[in-house]
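A quick write-up on the structure given underneath.
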Amino acid sequence: MAKELLKGNVAIAEAAIRAGCEAYFGYPITPQTELLEHMSKRMPELGRTFLQAESEVAAVNMVYGAASAGVRVMTSSSSPGISLMQEGLSYIAGSEVPAVFVDVMRGGPGLGNIQPSQSDYNQVTKTAGHGDYHPIVLAPSTIQEAIDLMVLSFDLADKYRTIVFMVLDGAIGQMMEPAELPPMRELPTERPSWALTGKGNRDKNIVTSIRLGAQPLADFNDILQEKLAVIEKNELRYDELYTDDAELVIVAYGTAARVAHTAVKRLREENIPVGLFRPISLWPFPYQRLGELADRVPTFLSVEMNAGQMIHDVREAVGRDVELDFFGRPGGIIPLPEEVEDKVRAMWRQQELAAQIN
Amino acid sequence: MAKGRVVIDVERCKGCELCIQACPQDVLTLSDEFNSKGYRPVFLMEHENECTGCALCAVACPDACITVYREIPQKKARPAPSAAAAD
Amino acid sequence: MATLAFQQSEDKVLKPIEKLVYERPHALDETHTHYCPGCTHGIAHRLVAEVLDELGVQEKAILVAPVGCSVLAYNYFDVDGAEAAHGRAPAMATGLKRVNPDSVVFTYQGDGDLASIGIAEVIHAAVRGEKITVIFINNAIYGMTGGQMAPTTIEGQVTTSSPLGRDVAATGFPMHIAELLSGLPGTVYSVRRSLHDTRHIIQAKKAIKIAFEAQLQGLGFSIVELLSSCPTNWGMTPTDALDWVRDSMVPQYPLGDYKVVDELKRKRGRK
Amino acid sequence: METSIIIAGFGGQGVLFAGQLLTYAGMDQGRHVTWIPSYGPEMRGGTANCTVIISDDEIGAPTVARPDVAVALNLPSFEKYEPLVKPGGVLIVNKSLISEQSERTDIAIVEVRANRIAKEFGSVKMANMAALGALLAKRPLFSLDDLLQTLHDHLPKRKHNLLEANKLVLQHGYEVGMETAVPA
């Protein structure tokens, strides 16, 4: 299939459809509404389920219902809407049914604004609801990557019977880039053995997150942790640019990584040995690889479109013995490459100075 | 009047007495014995009144622990079970 | 349905002497319920199971249980079951029904779950004419959390969170769900029945059957509100609690058909 | 080589479409491209702008602080972007709606009566095309013919009756651009 010029939100919706999404439930919220609108047009055309719910609370519980029936199901929202979905997320996690969420993040807290932001890092990676679990969280930085990760999200959700989040910001949702959509997949003809379809001739199936005894709940949590450990091992994704000889590494994802990418290229023209480490899976977070880099690289910079959320994971990864600084713009402002360049130049001067003194 | 019989699943019975209140013949009462859950289950008394198999006890039972049978007058009883099965 | 008990006669020919009049419905699981003695949840469960048996839909039924005393209801039915978040059963049922259009999806919800935290979900399921059936248990109290005031608590009723009796000036008025939902075009069947004696229990079962038939015919949203007792939290014997339903709840919550669409009336007329 | 272009004006002036047309044209020429709109709560009548980047290499940041080229279709856009155009860059000014004059001498400025030209050929809605024509004259990202081919390929079929008029407006804008002297 040839490349087309595609808008992020629309590309994601169409990729989900081609990945076999059979049901979509959502609620309008900027800046992801085009995704819902595309679904409203395409899903009925294909004889699949689209429903605009009365709230994000209802939408996530409709997702829970359809997920319990064993179909590929998704919703999409933006930060305040994801906050409302926390209840359902926790129940879905506790029931181990697969479901896919897209969060086109905007600035917060509160109603905040509708501008591009990475304000949900903590809310999606640090359990996304009460209880001991993490969803898989994937963060694309181009529209092609958003398409590819959307397809992967459904596969991972099914594989691990887990929640998969794809997080992006309003910029990727709203921008257009040439990208190639995947071919349309055949829908499965059978539901998984655990799905609620009416018991027919088999024993009844139950989908529930309640385990009243302390020990049964502890046992379930142990199983859940084992599954998370497998995911942590198998589903790490990241990208690197000029890290081989870098003496200063920027860590950034999504649109912030694009900005950092521009800055890194320009700084390399000034012979500043800077590199870019881009986590693609925010959970599991690539602690180990960053730790390996920290064995050699003395200075790191976390660039985020918030006041500093991922930086805590970066710190955990690189340890206490290396420099770690932060540059970010909260409130829905996309940082400029020039700002990142200024920050890196200042850090590099410090680093060189320190090297001379030592 | 038809003669009936009730079978109580005594382990399931919680002794709530709703069936006793519902019984028009007044032939149900609580046992002096306890079941394994500590409830005194209901039982059918041998009584001057007789159970008619009206099943109102079962209608009132929250624990679905009552099975009700009703005697078929012998002149109407047919030899073949399949024919007799029609309610 | 009826099975026969046999007595072996002297000539070794089996002769039926009694017939089965009532047995535990097949759509109920063997599991013993955790409900308090005399709690009418058990009656409501049994009626639903009897209806599933009679309609022959046990194999395609899916129950969505609520949060409240009936949180474990899926353990007591031998049908596929899910456990929703508090109040969200109609939303979860919507998801299930939309992707399983041939199944029979029903929620079983108490008054805290449906009338308080879940009022938006049930209203919008009705607004959409969602082809699900809602069994609504109104016992005028929060049972599982130990007897707090519910939206359905009647004026003056003492609960653990209205110790002086419900003061409607401060806490609002009892909520009439069957009437409220009957006003929505997507609702095809909305009635209130009571479980306080055998005559009313039989009427309640008929209503539950019609509600499921409405779903089977694809007509829209159906709900049966059942006035129920909570002997433990009301501090009464099970039999006194039924009297309280009759004497205190029925006057506040009149029994009746608040909405029955013509398609269902005609069907009833033929019978 | 990377060129960043900001096109700005009122909502309804075809700002977003003009940007998309350039983006499509860049894509059709095998270049790397991005298009990103400003988006805000106002649905009608507010200011709108979009940023287009056309590059020979992979594109990082899709937004820029200082564009190589700015197209100002109304006064607020002129006031906002005129000072931001990079030295050596290009500013297209819709003279029909902007009477102010830029005093910058380090950029190429083309004043084009975009609304009037568009109206002459049938509809004021084509003012954006007059501006694009002028842009290509001063910054030949691709030929006018290439852009026309892109317009033909990506304009919905039901709007193909407008192709000829759009072509004329583009050409007219292009000629205005060619005739405008660039400061030394």
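Each chain carries a letter (A, B, C and D) given by its place in the written order, and its residues are counted from 1.
The definition used in the following text is that a contact is a pair of C-beta atoms (placed from the backbone, for glycine too) under 8 Å apart; a residue touches a chain by one contact, two chains touch by 3 or more.
Not measured: the values here are computed from a predicted model.
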item	value
Higher-contact pair (C-beta pairs counted), A-D versus A-C	A-C
Interchain centroid distance [CA atoms averaged], subunit A/subunit D, Å	35
Subunit A and subunit C: spacing of chain centres that average the CA atoms, whole Å	42
Rounded Å distance, subunit C centre to subunit D centre (Cα mean)	65
Whole-Å gap separating subunit A and subunit B, where each centre is the average of the chain's CA atoms	62
Set of subunit B residues in contact with two or more other chains	none
Sequence positions of subunit C contacting 2 or more other chains	none
Chain contact topology (line, ring, star, complete or other)	line
All chain pairs that touch each other	A-C, A-D, B-C
Touching residues (chain side subunit A, partner subunit C) in the complex	22-23, 25, 49, 51, 53-55, 57-59, 61-69, 71, 73, 87-88, 91, 95, 196-201, 204-210
Residue ranges of subunit C in contact with subunit A within the complex	29, 58-62, 64-65, 71-72, 74-75, 77-85, 88, 91-100, 102-104, 120-121, 124, 127-128
Sites on subunit C touched by subunit B in the complex	1-6, 13-25, 28, 32-33, 35-43, 45-46, 49, 197-198, 201-202, 231, 237-239, 242
Footprint of subunit C on subunit B - complex, ascending	4-5, 9, 11-12, 14-18, 21-22, 37, 39, 53, 55-56, 58-72, 74, 77-79, 81, 84-87
Subunit A contact footprint on subunit D (complex, rising order)	20, 23-24, 27, 32-37, 39-41, 58-65
